[in-house]
Structure formats: C-alpha cells, structure tokens
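Two complexes are shown next, each including subunit A; its partner changes from subunit B in the first to subunit C in the second.
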Partner chain A sequence: MTKLSRLTGLICLLAIVGLWEAVARLGWVTPQQLPAPSIIAIAGWSDIADGDMLGQVWLTAQHLVVSFTLAAVIGVPVGFALGRVRLLYAALEPMIEFLRPMPVIAILPIAVLILGLGNVMIDSVIAFGAGWVILLHAMDGARGIDPVLIETGKTFRVSRLRRFVTIILPAAAPQTFTGLRVGLGIAVIVTIVVELVSGFAGGLGDYIGTLEGALRTPEAYAGIGLVSLIGYALGQSLLLLEHRLMAWHRGYTRQ
Partner chain B sequence: MSFIRSRSWLLGLVTTLLVLAVWQILPQAGIIDKQFIPPFSDAFRHFVAEWANNAFYGDLGATLFRIIGGFALAAAIGIPAGLAMGYWALGYNMFALTVDVIRPLPTTALVPIAALIFGIGNGMHIFVVVLATTVPILLATIDGVRNVDPLLVDTARTLGQTTARIFRTVLLPAAMPSIATGLRVAVAIALIVGISSEMMLSSDGIGHRVVYTQRMLQIPDLYAGVITLAVLGFVLNRGFLAAENWLIGWHRRATSADRSGET
Partner chain C sequence: MLEVRKLCKTYTRGKQANVVLADIEFTVPEGQFVAVLGPSGGGKSTLLRCLAGLMDPTSGSIAINGRVIRGAPQEMVYVFQEYSRSLFPWRRLLGNVTYPIETAVPKKMALERALAMIDLVGLTGFAGHYPWELSGGMQQRAAIARALVTEPKFLLMDEPFGALDAQTRIQLEDTLLRIWTETPRTIVFVTHDIDEAIYLADRVIVLGARPGRVIEDVTIELPRPRHQIETKEDRRFADYRRHLFDLILTPSAGGPGADGQGPAPKAARVPANAAE
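Our next item is the complex of A and B:
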C-alpha cells in the first residue's frame, strides 16, 4: 500500500469520526444512544485513570487467553485424530456432521445449570465455543490431505511418526491456522455474552452491561473499544505466529 | 479399507445409538442427577411436544426472522459495497482502514447499546446481526473481485461493454465462489450472534427461551430448546448449501476443484 492510499484511508476515517462528532453535538441522536467520540475518549480515559476499567480488562483478557489456549490445546489434537483415524471419524460422523453448524452459545444455559456462575463455567463455555470451530478446521485439514503425499511417504518407508511430523502436520497447518483465527473471533464474541449473562463474575462484558444499565453510555462505548483492542492484539499475535511458522507456505502456494 | 467404507454408516449409526443409550441410562439409573441432565427420552419428548405449542412457533418465527432478516440485509449491504471496493482502487483506499477498525468490534457487546437505540425487539436484534455479518461478506466480496482475472474485464471492455454490464456479467459471477464462502461464514456468525442477543436481552425467541427455562429450572424444556437450536443450525446450513449449489453449482462443475461437503 502506498503512502498516498494510506493517507486517503486515514482522512476518510477521520472524516467519519468528525461526522459522528457533529451528529452527536448537533443533538440528532441522544447522548444515551450515541455520545460524541470526544466524550467517549474522555470518559474512557478517566475510567482507565481510576483503575476501575483496567481491572475488568485484565479479567476479560485472562478469560480469553486461558480459554483460547485450552480450546487450541484440546481442539487441534482431537481434530487431527478425527481427521486421520478413519474408524474414529466413521464412528462419530453422524454426530459431528449434525452438530457442525450448531450455534455454540446454546451450551451456555446448560453450563450455567451444571457448573454454576463461576470462572470454571465462563472459561468452559468460551473454550467450547472456540474449540468446536478449531476442532472442525483441524479435522477438515487433516482429512483433506492429498493421499498421494501420504502414499509417497509410505513408499519411501518413512516411519509413522515422521510421516506425521513431515507430511500431515504441514499439510493440515494452513486450515488449522484458519480455524484458530476464526476460533479467536468466536471466543471474543462469546466471552462478552458469558460475562454479561453470568452477571457478577466481573470482566468487561459485565462492566459494559452494568454501565449501560446505569445509562453511562460513554464509558460503555469506551469499554467496547477496549475489548476490540484486546481482540485485535490477540489476532495480530496469532497472525505473527502463523507468518513465522508458515513462511514456507506463502512461497509454496504463491499466496 | 473398503470394509470400513462400506460399513461406515452402520458404525456411525451404532455409535450414535450408543451415545444416546448412555444419555438415557446414566440419569435413569441415578448415576447422573436428573436435575442436571435428564434422560434423553425426557428431553426428546419435550422437544417433540414443542411443535404442538403455539408459543413455540412465535419464538421460532421471531428467531428465524431476526437471523435471516439480518443476514439478508448484511448481504444487501456487503456485496454491492464489496464489488465497488474491489473494483475501484479509490473506494478501497478510502474505506479499507475504516473496515479494519470496525472488524474486531465485539458485536455482542453492542447488544445493550442497540437496545437503547432501538428498544428491545426485532430492530435491535437485526441491527446486531447486520453489524456482525456485513464485514465478513464485504471482505470476501472484495477478495473475490480482486482475484478476477483482469483479462476478463479488459476483454469485456474491449468488446465495448458498459461498466454496469461488466459488474453484472463478469465481476459478480467470477467473484461468486468467494462471496459464497463469505456468506457461509456469515450464516454461522448470524446464528451465534442472533441467539446470543436473544439470550442477553429479549422477551421472546429461542435464545430467550433456553435462558428462561434454565432460570425456571424447567430442565427437560431447556434441553429441548438446546436440541431445537442444534436442529435450527443444521437446517439453516443445509438450506444455505442448497441455495449455494443452485447459484454456483456451475462453478463447481466447471472446476471440480471444490470437493468440500461432497464426501
């Protein structure tokens, strides 16, 4: 991207924010609905300075990192196993294919019923939501490997373990990473819902819910901005990891 | 291997029945507390009974209306905007950064704000679904248009076609496979976000129903509701795949590269 095109984008973004500011200042929308960006920035800043919001940010970030790690650590190996062990997939195929498009958040009320409203429930629901997508992508990646690759390995008497490390893992990696990225996005969405629904467990979701209940909308908007920032930072670190590990892939498929 | 393949459906059936049997027996034998997990037969009976219940149809209709309506609206915004941003570099340069800023927004966090703006009801749910699904559709469309072979566009131009016609007869069909992928992702997101929104703030819809039955400790009804959600996801996905096949089946037949969902 050239310098000029970056500048165009920045000017447009600023223009949109300016328009928003104007609309809010002119009173076309009530401040309860859409406060001016300057007011959101000030409210957000004072909330952060109070230290009030940072504690909630920390809680939410903790939930996100713990659950996402859990989801990846369980989802990827199980997905690979399902993708490579034919008998296992054949046995579970009807259930997997039926549940594939299920809205993962459906598990929330059952989790509340069984696990109560604590951190265990929150982390489990987020991990389940992210883990299901991660599992499906890892499974599809491992299943879709060109059989010729594996047969070639067998012909050259490459041991099972080496076949896994040198053929299956790299071939399934691109789709697995896609799964991780999608899973992270779902984790962010789910985290907010779970925190808000579970009420007193804290975290930004709960915080946003409380502020909106108290009609402190600017602070709520600032909180939403912070959640975006966390999601963005996690997404970027995942992307960085992917680029590191998959540098060979870009050259290989000229993407 | 051929033995496994020919018998795989049988194995799948047996395992599924086995899982359901365990779900039936453990609570019934008292090994698992019925208050937490009722036997499968109880959940299934309540699931079937729902379909004779008028209030249930109201909830189901509300949820379907919000999810499908929000999805359709997002497609109506995302596809044209994506075509324009993919084709005109200026359009892309102007708005790419803004889209990047909007993309990581946790849309579910906007549910309470949407309630302030629209009041609790259809408008608010649809707004949240639109917000969550427009960006993936937009990005997939841009991607699709940018990957169209420029030779196709140049050829059409050389043959004297108008820009409007090029959009309709060259860019849109060529970008369609990528758009379809974006739409498929959007369906999944619409489901999650729509249901979440109903769980957070609503007085009707299946999402509200499951949270309500949980609070009222109507446990078999809760499980029936969760089964309904799974079925809803399954049916919506199948419907989408059928529509996709109808729309871009020509592409798959022409390239036979996309084998997903065939095996």
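Our next item is the complex of A and C:
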C-alpha cells in the first residue's frame, strides 16, 4: 500500500470516529445504545488498568492460537492431499461439502457430550469452525496448479518429493495463505461466540456477555473493540509473514 | 541416433476413438536439426510430447541409439511453447536456470554453469530478475537456458517461438542457430511456420492431419551459416517454400479449413500477463 492510500484510510477512520463522538455528545443516541468513543476508551482503559480485562484477553488469545494452529495443521495437509490425489478428492469431497456448512453453535452441545467441558472441547470446536475454509483454499490451490509447471518438473525428471517441495508447495502457497487469513478471522469470531454462549469458558466473549448483561455498555464496547484489535493484529502478522515468504507473488500479480 | 518406429497415439473418449498419430516413422541422426511441420491439430505436439515422455504412445516405440526409452529420457529436454507458464515465478532467472541441475552437481558448479547459459542465450545481467519482469522473448531465452544447462543430447522444442512477435522471433531463431552451431546437438523443432522450418532445419518432416502421419521428408540443402535475408532470397528457399505450401495446403493434409476438431491452438491458453 502506498503512503497516500494509508493516509486516506486513516483520515476516513478518524472522521467516522469524530462523527460518532459528535452524535453521542449531541444526545442523538442514548449512552446505553451507543456511548461516545471517548467514554468507551476511558472505560476500556480503566478495565485494563484494573487487570480485569487482561486475564480475559490472555484466555481468548490462548484459545485462538491453539485452535488456529490445530485448524492449520490439519486443514493444510488434508487440503493438499485432496487437491493432488484424485481418488481422495472423489471419495471425500461430497462429505466435506456436507460437513462444511454445519453451524458450529449447533454442534456445540454434541461436542460437550463427546469431549466434555474443557479446553480440548473449546479448541476443537473453534478449529472445526475455522478449519474448512483453510482446507478448501489449500485444496483449490493444490488442485489449480498450472499443469505446465508440473510437466516442467517431469521433463527434468525431478523426484516426487522434490516436485512437491519445489513446485506444488510454492505454487499453492498464495491461495493457502489466503485461506489461513480468512480462517483466522473465522477463528476470532467463533472463539468469542463459544466463550459467550458456553458460560464457563471465560475469556473476552464471556466478559463482554457479562458486561452487556450488567448494562455496562461502554465496557462491553471496549471489549468488542479489543477483540477487533486482536483479530487485526493477528491478521496483519500473518500478512507480514506472507509478504516475507512470498515476495515474488506481489510482483507477479502486480500489486 | 533417435529412432521413432510405428508410433501411434489414439485418444478414446467414450466410444469415440480419435487417431492423432498413425504409424509415425523416422530416424534422426546425431547432431541434426529437424523441423516437424504440419497444420495445427495435426498431432505435432502430441508427437513431441511422446518423445519427451510426457505422454505414452498407444503403440510403437522410441529408441535412442538402439535403446528403447520410456518416461522422460535423461538425454532429452523439452522446451514448452508456454514459456511464461513453464518458468517458476517464485524463482529468479538464475534460480530457474539452476533448477534442473541443483541436486545433481555442487552448488558452485551449478551457479557457474547457469551463468554461462544465461550469457549464451544473451541474458547477461538479468540473473537477478524474476521471469515476470522479463519480456516474452527474454522469457523464452530463459527457458532455453534452463533446458541447455542440463547439457542434453536432444533438444525438443514445441513451437517455441509461436507466441512471439515477428522481430523477437527472428532474433531468437538466429540465437538458436548460433547456439546449435557452437554446441551441436540434435534438435527436434515443431512448428506450423513453413519459413521458420526451412530457415532453421537440415530437414523438414511434414505431418498430415487426421490422422497425423508423415507425408513427406524434405532435406533442406541450403548453405550454412544461414542469413535472414540472403538465405530467404535464395532461389532454393522459394522452391522449398512452394513445395511445402503445396503439401500442407492439399486437402489430404487436412490443412486449410481445418475445422477445429483437433486440440485448441496453444497460444490461446497463454495467460494475459504473458504477452509483453
């Protein structure tokens, strides 16, 4: 991104926050509906200073990291296998299309029955929610590799292992990374939802739910903002990693 | 010596059998530059893909010095028409050129050989560029350098200059002839361009379409080194040209009015970012 477009984005963001502040200050909305950003910032800061919120952030972050890693570690290799082995694709693709739209919230009670109440259950449910998109992107990336690249490898008689490492992996990497980024976003949402509805998990989701119940709207908004911030920070780090690993791809696609 | 014996290739789709190659036979002595000429959809690429081991023939055999080969043979290397899709976009030019030899020879040697090939094809100074930073002509030069780095005895080229503009094409033809003169090796060069075939080759094998079969084997007795203007002004060049035109244009060769039954022309599949 150029400096100009960064600046434009920042100015736009500040303008909207300013408008929001004005609307809240002018009393067009009640503080219960939409408190002013300054009020939210102060409430959030005092919660963080109390140390209340940070413990919850830590819990949420742990769930996020563990479940996202689980989703990636399973989703990417399975996706590659499905993308490159035709028989596997034929056998499993219909089942995946059937399992994929299953709402995570609906399977939560079943997950509790099978895995009990604990981190294993929570992380599995989040990974389930985030894993599909990772798997599907890796699968499409591996399936859609230009056959000329594969044939180029064949004409140079490279081994299957080397073909995988030097051709299939880099060729499928850009799409796989897109899947990881989308999956991370889903993982953030599902983590909060699971914390919110499960009632025992703690974390930011639970915290936000409790604050909303207590009509402490500014603090609840602060929590929501913090979730977005965590999601943004993780997403940006992934993007940074992607740019570092695949500098070629930005030039190749003329970004 | 490369021997092709009774080579047949049939595609079956459902109950329909499409005979693409029928009893192709020819022999190429070592060091010869052979052009395979034919109308599009005539099975030229299929023939070359069979030679390169990218495709199994339905029947018949291919032998190098009497030894029947299967799969991609050691001594051969294949240059794709789709240079932009064949080069690895995640490797720089140097990395692309070292690719075929980097597990076989020590790193330092691989680098030296790759740089020598980059010089040979006229890309000195571009080793650090990514393929997509190079023009179409330079990309095909890069692909040729990558093919030559393996020091192959046989170079198989599938309409390598087909997607290039006329000027770039002329330059690459002469580069190829220069390289071939410096380090003689057997070249099988598939093209649909009659002038290109005569200009480059010692011999033109003419394929007819549907089914693809050898309809004539023409020895080109034009003096070397060849010259883009003088060679093409030679009386004999015009004679060859007329003769080959007649062969390709006769209805039995399946030439003009070829009705799109064969595979789609390759050029149409080159992605948008290739053509510059």
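By definition in this document, the second predicted complex is superposed on the first by the 222 of 255 C-alpha atoms of A that agree within 3 Å, B and C clash if a C-alpha of one lies under 4 Å from a C-alpha of the other, contacts with A are read in each partner's own complex, and residues count from 1 in each chain.
By our rule, a contact is a pair of C-beta atoms (placed from the backbone, for glycine too) under 8 Å apart; a residue touches a chain by one contact, two chains touch by 3 or more.
This one's a predicted model, so the numbers in the text were calculated from it and none came from an experiment.
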Chain touching more of subunit A, residue-wise (subunit B, subunit C): B
Partner chain in contact with A:Met246 - subunit B first, subunit C second, else both or neither: second
First (subunit B), second (subunit C), both or neither touched by A:Ile167: second
Which superposed partner A:Arg157 touches (first subunit B, second subunit C, both, neither): second
Subunit B versus subunit C as contact partner of A:Gly51, first or second or both or neither: neither
First, second, both or neither for A:Val188, with subunit B first and subunit C second: first
Partner chain in contact with A:Gln32 - subunit B first, subunit C second, else both or neither: first
Touching partner for A:Leu149 - first (subunit B), second (subunit C), both, neither: second
Residues on subunit A lying within both footprints (that of subunit B and that of subunit C): none
Residues of subunit B touching subunit A in the complex: 1, 4, 7-8, 11-16, 19, 36-37, 89-90, 92-98, 101, 104-113, 115-117, 132, 185, 187-188, 191-196, 199-200, 207, 210-211, 213-214, 219, 222-223, 225-226, 229-230, 232-234, 236-237, 259-260
Contact footprint of subunit A on subunit C as seen in their complex: 52-54, 71-72, 74, 77-78, 80, 82, 85-86, 88-91, 99-100, 103, 130, 132-133, 150, 273
Contacting residues of subunit A [partner subunit C, same complex]: 146, 148-149, 151-152, 154-158, 162, 166-167, 170-171, 246, 248-249, 251-252, 254
Residues on subunit A engaged by subunit B in the complex (per definition of touch): 4-6, 8-10, 12-13, 16, 29, 32-34, 86-87, 90-95, 98-110, 112-114, 129, 140, 144, 182, 186, 188-193, 196-197, 204-205, 208-209, 212-213, 217, 220-221, 223-224, 227-229, 231-232, 235
